[in-house]
Structures are given as structure tokens and as C-alpha cells.
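Heads up, the next two complexes both have chain A, just with different partners, chain B and then chain C.
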Partner chain A sequence: MLELRDVTAGYVRKAPVFRGVSLTVRPGQAVGLLGPSGCGKSTLARVAALLHHPDAGTLVVDGTPVRRWRHRAPRAQRTAFGVVFQQARLSADPRLTLTDLIAEPLRATGRREGVGGRVAELAATVGLTSDLLGRRPHEVSDGQLQRACLARALVLRPRWLVCDEMTAMLDASTTAALVRVVEDYRAETGAGLLAVGHDRVLLDRWCDRTVEWHTLTGTPTDTPIGTPTGP
Partner chain B sequence: MADIAAKKPEQPEQPEQPERSRKAATAAGAEDTGAVWRAHGTDRRSTRTLRLRVSAALLTLTVLAVLLVPPLVQLDQQAVDLAAKLQPPSWAHPFGTDDVGRDLLLRCVYGLRVSLLVGVAAALTATVVGTAVGATAGALGGWVDRAVMRAVDTVSSVPHLLLGIFIVAMFRPGVWPVVISVALTHWLSTARIVRAEVLSLRSRPYVDAAVSGGASRWRVAVRHLLPGVLPQAALAAVLMVPHAMWHESALSFLGLGLPTHTASLGNLIQEARGSLLAGQWWPTLFPGLFLIVPTLAVAGLAGAWRERINPRRRSELML
Partner chain C sequence: MTERAPVLSVRGLSVRFLMPGGRRVAAVSDAHFDVAPGECLALIGESGCGKSVLASALLGLLPGNARTAGAALLGDLDLLAADERTFARTVRGRLVGLVPQSPAAHLTPVRTIRSQLEETVAELTGVRGRAALRRAAEAAAERAAFPVDHLDHHPHELSGGLAQRAATAMALVGDAPLLLADEPTTGLDRDLVDRTVDELRRHVDNQAGDRSRALLMITHDLAAAERIADRIAVMYAGRIVELADAADFFGAPGPRHPYSRGLLDALPDRAFTPIPGLPPELGALPDGCAFAARCDRATDACAAPPPLTAAVACHHPHAALTEAADRA
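And then the complex of A and B:
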């Protein structure tokens, strides 16, 4: 169970991006989070993946309350999350080849044996051909890079996947392929999913449950005037 | 492109060179829609290439002179010949002789060797210290960052020549006290550059991805942040070499640097002061040139390098 209770978070303490948001994702469940741009859904995703320290509220992952975030979080707790970001270009270290990119979490957690096999297996899963694996991020397309980023998110076999606008910059066929990879992984492992996006059609078809951002916030008046609340 | 061609005859004072390179660029990029833009880029590129070549040639010459002349020539730079004192430049002594008849060309080469050694050693030490401090502050952030950077501000508020003199005065004259003095007063700017760079890299999503992938703080710093700042740090180090040489010369000129019998550029200029007033210009001019030429060469090279590593310029760069 992934539970966010009454979470307030932001980047300036006096002016949080959102206040009092609660959201629950059950194991194996896929929850889509819809919202207008700038409402804070990416920040919420970062809080859920232990990447951003909230100002207030609690996060409970599989029954354990999270007390520390980012590097300070226990490694087992933060590697329970596989995170895919919107911009593949920015979420890949420009110096690493795609092989190293995908293998990096394995090396960082000291699982060096069988790295090659695991990378090849995942590359095949996400649809990367072996000639692409030796290239660096600037030598592949956004779609190919996002495939590598998804492979990196899956390499440690996380129990939770957080996809922050994973397909926003991709064409329809790549989107379909990546969603298929995520769904296959979830079917195999029973992992939970929090998918953030603004494509209602995609999220409705992809997820078991789609929630609108404005239904989560305790204080709906906080949304800026003129912000569309849905299509 | 027709626009430029029409305007061209109205500017007769422009040299031949850009005209030719512009034509070459047009020919090369004829099928390209960006021909005008490229022509402009080529002009700047050819000046840049010229500057790069001249700088590289001068620097190579300097390094070769310093490395090859002493072992090949096998002359004693300290050989005194009072019969030939203060002679103007001639075929026997191309740079003339000093007030005890020592050959100035040889003295300048040996002086440059010592000055370069001090410059490179000090710049390397300063860069290592600065990078370590800056990266630590930037990567840890929070109160560590604030404390470290305030300490940096405090040290840099003391005039660095004064601080350098203070450090040098604590030791016996020699090469290493000067290296330490210059290094300890020059790591601050590198620390600032590296910290700023680390701060900007730290907020990239790929650092988030590394954290989520279980990377420790140390691993993030060493594998993802440091490689990103190394080009900047290396540039700072290269630019610091001439600066450190000047600093060494200043200390030696003040009589605080290297022992007076060691031929360093600062010592040579210091010794030549008296004869300059008597109208003998060569003992001052040549060590001065030996200081200025490598400085300009390094500045030229570093400028070209900076344009190469600056991502905003990358679009118009032909490697």
C-alpha cells in the first residue's frame, strides 16, 4: 500500500505548491492522476517516490512510514520505486551509454554480477536493439531514450512504478509500446503504478482508477483563477 | 545571401580574408538553407582558428624551449663573465648579458622553467583543492554549503598578494613555499565555479533518477556531478597557470619568492631594475616578454577551449 496522507509540499516553505493532499495506491493497482500543468502533480509524484521532502503530512509505503527522503532514505525503501520522468533527455546522464544508463542502478546497489544479461534482457523487453545500447543519449531519439529510461526504472524490479508524464513527448506507437511494457511488468510482478499525466483518454484506458487533481486537494480554492479543472 | 553580396562593395576597408572565407562557406553550404548564418559563423571561426593556431604554436615553443634547451645546450646559466657584462643583444648573446656577464637568453629559459614549474604546480594544487571544496559545498548543500562559502568569502576578502606574502614569509625561500602560497590564495575562484556548476547539475532529473536507483551521495557526486564539472575545472586550471606565474614573479620581485640566485622571471626583472635606469633595456625586456608571451598564448587557448565547451556556442562549432 502506498499512502499519501495530508501531504503539503513545495519548494518555498511559505508558499507550498499544494496543501493537504491524500492519495492511496493499493498493491497491483494502477492509479492515474490527472491535472492541469503547474498544479503540483509532478511534485506529488516526487514526494511519493521519496525524491522530495514534503513540508507536512505522512507517506506510508507498505506499512512503513517514511521518515527520510532522497539519499537519507534507506536504500531498500527508495529502490522500491521505479521512476520515469517526462523529459528523457534531462533524466539521462549525457556521459553514459544506454547500457551503462540501464545498468547504473545495478552497479550503484552493488549487484555487479549478471549485469550484461539483465541489461540485454531489459533492452529486448523495452524494444531497444543492441546497436543502440552502445550509444550515448545525444545519439538516440527521445523515444529510444525514454525506452532506456523505462528499462532503468525496471532494472531493480521495483514494487512501485511512478511514471511522471512518461509519454507526454512521445508519438502514439512509442506510447503504446511503453505502456505495454509497464503493463506486462505489472502483470508479472504485481507492482503498483502511479501514472501522472494530462491525457485523460490515455490514463482512463491505462489505469484502474483515474483521479482528478482538484478532488485531492483539501483546499480547492487554492487553484489559480481560470485554471481548467478538466476537459 | 544576395543581401550580403550586394552590401559587400560598400565596405572596401574590409580585408580580403573574410571575403574569401565567406565565399568558401557559401560554396560549402550552398545546398544549405542556413547559408547566411553559416557565412557569419565561418568568419568568426577563421579568426578563432588563427588565434588558436598562433597560441598553440607559441605555447609549444615555450614548452619545447623549457624542456629541450637546458639538456641540449649544456651551458652553465650561472657562468659569470665580468669582461662581457651588460652587453646589448648580439649574435654571441642574442638577449644580451646581465650586470655580471651571464647570458640572458639562457637565464630567461631557466627562469621560465622555474616559473612554469611553479605556475603549473600551484595551478594544479589550487584546482584540486578548489574542486574538492566547491563540489563538497555544492553537493551537500544546506548549512554545509552556507558555511563553506562564507569561509571562502572571508578568505577572499583578504588581498591575496598580502595573504601570499604572509604564507611565504613563514617558510625559508624556495620553490615549494611559493607553490603553497600561490595555491592557497587561488583555490577560491575554482571553488566558486565548481560549486555553481554542481548546484546546477544537482537539480537535474538524472540525479533524481540516480537517487531512486539507490546511488549513494558519494556515487552521485563522483559518477554524475564531478564528470560534469571537470571541463570547467580544467579550464580554470589552465587559466590559472599564467596567473600563478605572475604571482610567483611578483613575490620574487618583492624578494620574498625564490632565492635570489635562482633564475626565475621575477628575480631576473628584479635584478634588472638598476640597469633599466641606466638605459640598458634588455635585461628587463626579455624576461618580461617571457612572462607575457606564454600568458597570452594560454589565454588564447583557453578562450578557444571555453567556446568549445560552452553548450550555447556548440551549434555553430565545426570540430
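And then the complex of A and C:
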């Protein structure tokens, strides 16, 4: 389970972006989080992926409460998450070739052996050809770079995937291709997914359950019981 | 569409980039299309297919290593033959208004919207004098539904939607007959996309005096294109592979080129199936049909480049009325 309970988070102590948000993703479940831009859904996703320390509230990952975030989080917890961001250009080190980009989490966790095989296998999964793997980010298109970023997120075989507007910059065909890669991976491994976005049609098609941001932030008594949020 | 002369008439436009080592990148190849007054043409295709290069060519913003061929006629003026002086003095803002891809990056970050809008008004219109400029800038802001009380804000203080309106306000100041919107909705959420494109459409429908505007919208957002376009041009690997009426394209009988079909089938409210493979590199295009490697209808005929006949460049297009043909 990935459980966010009463989380308050933001960037300025006295003015949090949101207060008291709770959200649960069961193992193997795909939850879509839908909201307008600027509502704080990306911040919530960053808290869930251990990338942003909340001001208050608890995060429980597979039964273990999280006490430390970012680089202070224990490695076993950190590597349970694969994250894909909206802007591939901003989330890829411009100095690395796509091969090194995909292999970086393996190197960072001391798993150098078998890097070549794992990168080749993932490149095939996300649809990158071998001539692209030797290039750096500025030599490939947005869609190709996002394919590499997805491969990087999968390289440690995470139990949880957090996709923050993964496809907002991509064309329809690349969107469908990357969603299929995520779903194939989840079918194979039983990983859970938190997909953040603003495209209701996409999230409804992709996820088991779509949650609207405003239903999370409203106080529980204001939310009518039985409000449909998906199956 | 209409019997009136087109606002923009693109004839055989090609753009080649000369790269180090004598390589050539064929970014745009032999594009033909017209945009009529009061019409919105959406140019769709995936990133890296040459859409934005085409826009840059129309604005004289290509880098120095680009070589163009063909013609792009805006009235009597051939944009491909125009020099920088002509672009600066008569084209940009006056004949072609650009609605940019990323308004936050397009606006000057260290100046207020008011100061930038007043400068644009002073540059493009005859308005002179501080009070008159102030009034004209406020009128220009209102035309693009930009709230006047936000005029003294800097770009970073605006939301994505307001920044888009500020940029649109500047594009409209010169009453240009052609509006060119290059990915105006990238990164905006769905409500904002709908509002932005509806506003663009309104500026096409609201005729400026006796002249009516035309809109060329470059986008990879098919939903945005469906919402406002009259006609669709599909670009793949630097070529326009299909030109179609928007209603036919998105409704029945549907697109005729297999690539266009694939794009629509990839939408989450349709089959949600990706097109297999990746588009070819523009620097190493195949001799024949560039889509053949990904196409389930490909045959030996696809080793030769397909001509654009009957508005579709394919050896095996889907029939305009498939079911009727089957029954016959």
C-alpha cells in the first residue's frame, strides 16, 4: 500500500500548497489524480515519491512509515519508486548519453554488473533503437527522450510508479506507446501507479480509479458521501 | 472553402539544413497548402516532424544554415524571397501575428506586460503620446481578454493562461491578416486549452474591418485541432501527407492516410493503440514513402515516394468512403 494520510505540504512554511490530503494506492492499482495546473497535485506526487518533505502528515509505504525524504531516505525505500516527470528535457542530465541516462540508477546503487543487458532490454521495451542510445538529450526528440526517462524509471524494477504529467508534451501516438509500456510493466510485476495529470479522458482510460483533486482537499464533511470517483 | 483569394498560399516550400560534414537535413519537403480568409488550418504531426521549421520559414526566423525553395505568397509578397529588412518592417506583427509556443519564454521577463504592450502598440500603429498609448494598450489587452488590472504584472507573476493571453494581445495589435499559432497550448491543462483555442477562433471570426483573418495553428494536440480547425494538414517526416476537411477527418469517413488513421487511433477516447516504431530521422529519410516502415498497408510500390494526389500522399490510401466501395 502507498498511503498518504493528512499530508500538508508546500514550499513556504506558513503558506502550504495544500493541507490535510489523504490518498491511498493499493498494490497493483493504478490511480489517476486529476486537477488543474497549479493546484498542488505535482507536489503531492513528489511527497509520495519521497522527493519532497511534507510539513505535516504521514506517508506509509508497504507498511513502513516514511521518516526521511530525498537523499536521506533509506535506499530500499527510495529504490521502490520509479518517477517520470513532465519535462524530459529538464529531468535528463544533458551530458549523459541515453545509455548512461538509463543505466544511472544501476550505477548509483552499485549494480554495475549486467548494465549492458538491462539497458538493451529496456531500450527495446520502450522502443528506442540502438543508434539513439549513443546520443545525448539534445540530439533526440522530446518523445524519444521521454522514452529514455521511462526506461530509467523502470530500470530498478520499482514496486511503485509515479508519473507526473508524463505525456503532457507528447503527441497522441507516443502517449499511447508510453502508457502501454507502463501497463505492460505493471501487468508483469504487479507494481502500483500514481498518475498525475489534467487530461480526464486519458486518465479514465489509463487508470483503475480517477480521483479529482478537489475531492481530496475539501474537508470530509463537505464531500457528499458516495461521490463517484471511479470504479 | 471560399472564392476569395487565399491569405497565405504555400507552393512547394522546402527547407534544408546544411550540417557540418556536408550532411543535409530535409526538415520540410515540397509543402503545398492555402489558408483562406476566415479559415483555420491546423497543421498536425508529432514533435520533430518539421512543423515549427515551417512556421519559422514563414516568419524569416530560420537559422543561417537553412536553405529554402518554393514560394509562400502572402498577398503579393513571397515570404521565402523577402529579406530581413522586409520581415522586420512589414511582415512580423503587421502581416503575420505570431502566437508563440511558450508565452512565458516569449515575453521579456524584466518588463511589465503594460510596458511591452505599449511598445508593441507604438511600434505597429500610429498611436503617439503617453496617454494615448496607455489607452491603446488597455484596449489591446481587452481584445485578448487580458484583465487590465494585471497589466502592471511581470510575466512570472502570471498564470499560464494569462501569459498566453498577453502574448495573444501582442500578436493581435498589428491587425495582421494571418495569425500563426505555434503549439499555443503545449503544457496547458484541458480547460485552458479549450479557452485558448476558442479565443483564437474568435479572433478569426471577428473580422477586423473589411479584412478577415486567417489562422494557421501548428499543434500536436488533436483535440485542440478538432475543436477549432476548418481544415487539417497532416505532416509526417517533413512532408504534408494529407489535407482534409476537419469534419471529414475527425468524423466520417475519417482520415485517408494510414499515418493520420494511426494518430487518431492512438487517442485515449479511441483505440489508444500507438503507431509501431519511430519516425525516421530527417537527416536520413528513405528514398520512398517515409511511413512505409511503420505502415501495415505497405507494399513494393512504397519504395517510390508517393505524390500528393487527391489531397493524400500514399500508395494505398483508405478510400474516401470505404463502406460504400465495399458494397459496390
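Note that in this section the second predicted complex is superposed on the first by the 217 of 231 C-alpha atoms of A that agree within 3 Å, B and C clash if a C-alpha of one lies under 4 Å from a C-alpha of the other, contacts with A are read in each partner's own complex, and residues count from 1 in each chain.
Here is the rule we use: a contact is a pair of C-beta atoms (placed from the backbone, for glycine too) under 8 Å apart; a residue touches a chain by one contact, two chains touch by 3 or more.
Every value quoted in this text rests on a predicted model; they were computed, and no experiment measured them.
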Check your understanding: Looking at the overlay, does A:104 come into contact with chain B only (first), chain C only (second), both, or neither?
Key -> first
Review point. First (chain B), second (chain C), both or neither: which does A:64 touch?
Key: neither
Review point. For A:156, is the partner it touches chain B (first), chain C (second), both, or none of the two (neither)?
Key: first
Practice item. Would you check which partner chain A:130 touches, where first means chain B only, second means chain C only, and both and neither mean what they say? Key: neither
Exercise for review: Using the touch definition from the top, say if A:36 reaches chain B (first), chain C (second), both or neither.
Suggested key: second
Exercise for review: Quick one: classify A:215 as touching chain B (first), chain C (second), both or neither.
Suggested key: neither
Review point. If you stack the two complexes on chain A, which partner ends up touching A:169: first (chain B), second (chain C), both, or neither?
Key: second
**Study point:** Overlapping contact positions on chain A, where the chain C interface meets the chain B interface
**Key:** none
Check your understanding: Which residues, counting only chain B, touch chain A once they are in their complex?
Key -> 204-206, 208-217, 219-220, 223-224, 227-228
**Study point:** Of chain A, residues touching chain B in the complex
**Key:** 46, 49-51, 70-71, 75, 78-79, 81-83, 85, 87, 90-93, 95, 104-105, 108-109, 149, 152-153, 155-156
Check your understanding: For chain A, which residues are in contact with chain C within the complex?
Key -> 36-38, 86, 127-129, 132, 141-144, 168-177, 179-180, 198-202, 204-206
Check your understanding: In their shared complex, at which residues does chain C touch chain A?
Key -> 45-48, 159-160, 186-192, 220, 222, 262-264, 266-269, 272-275, 277-278
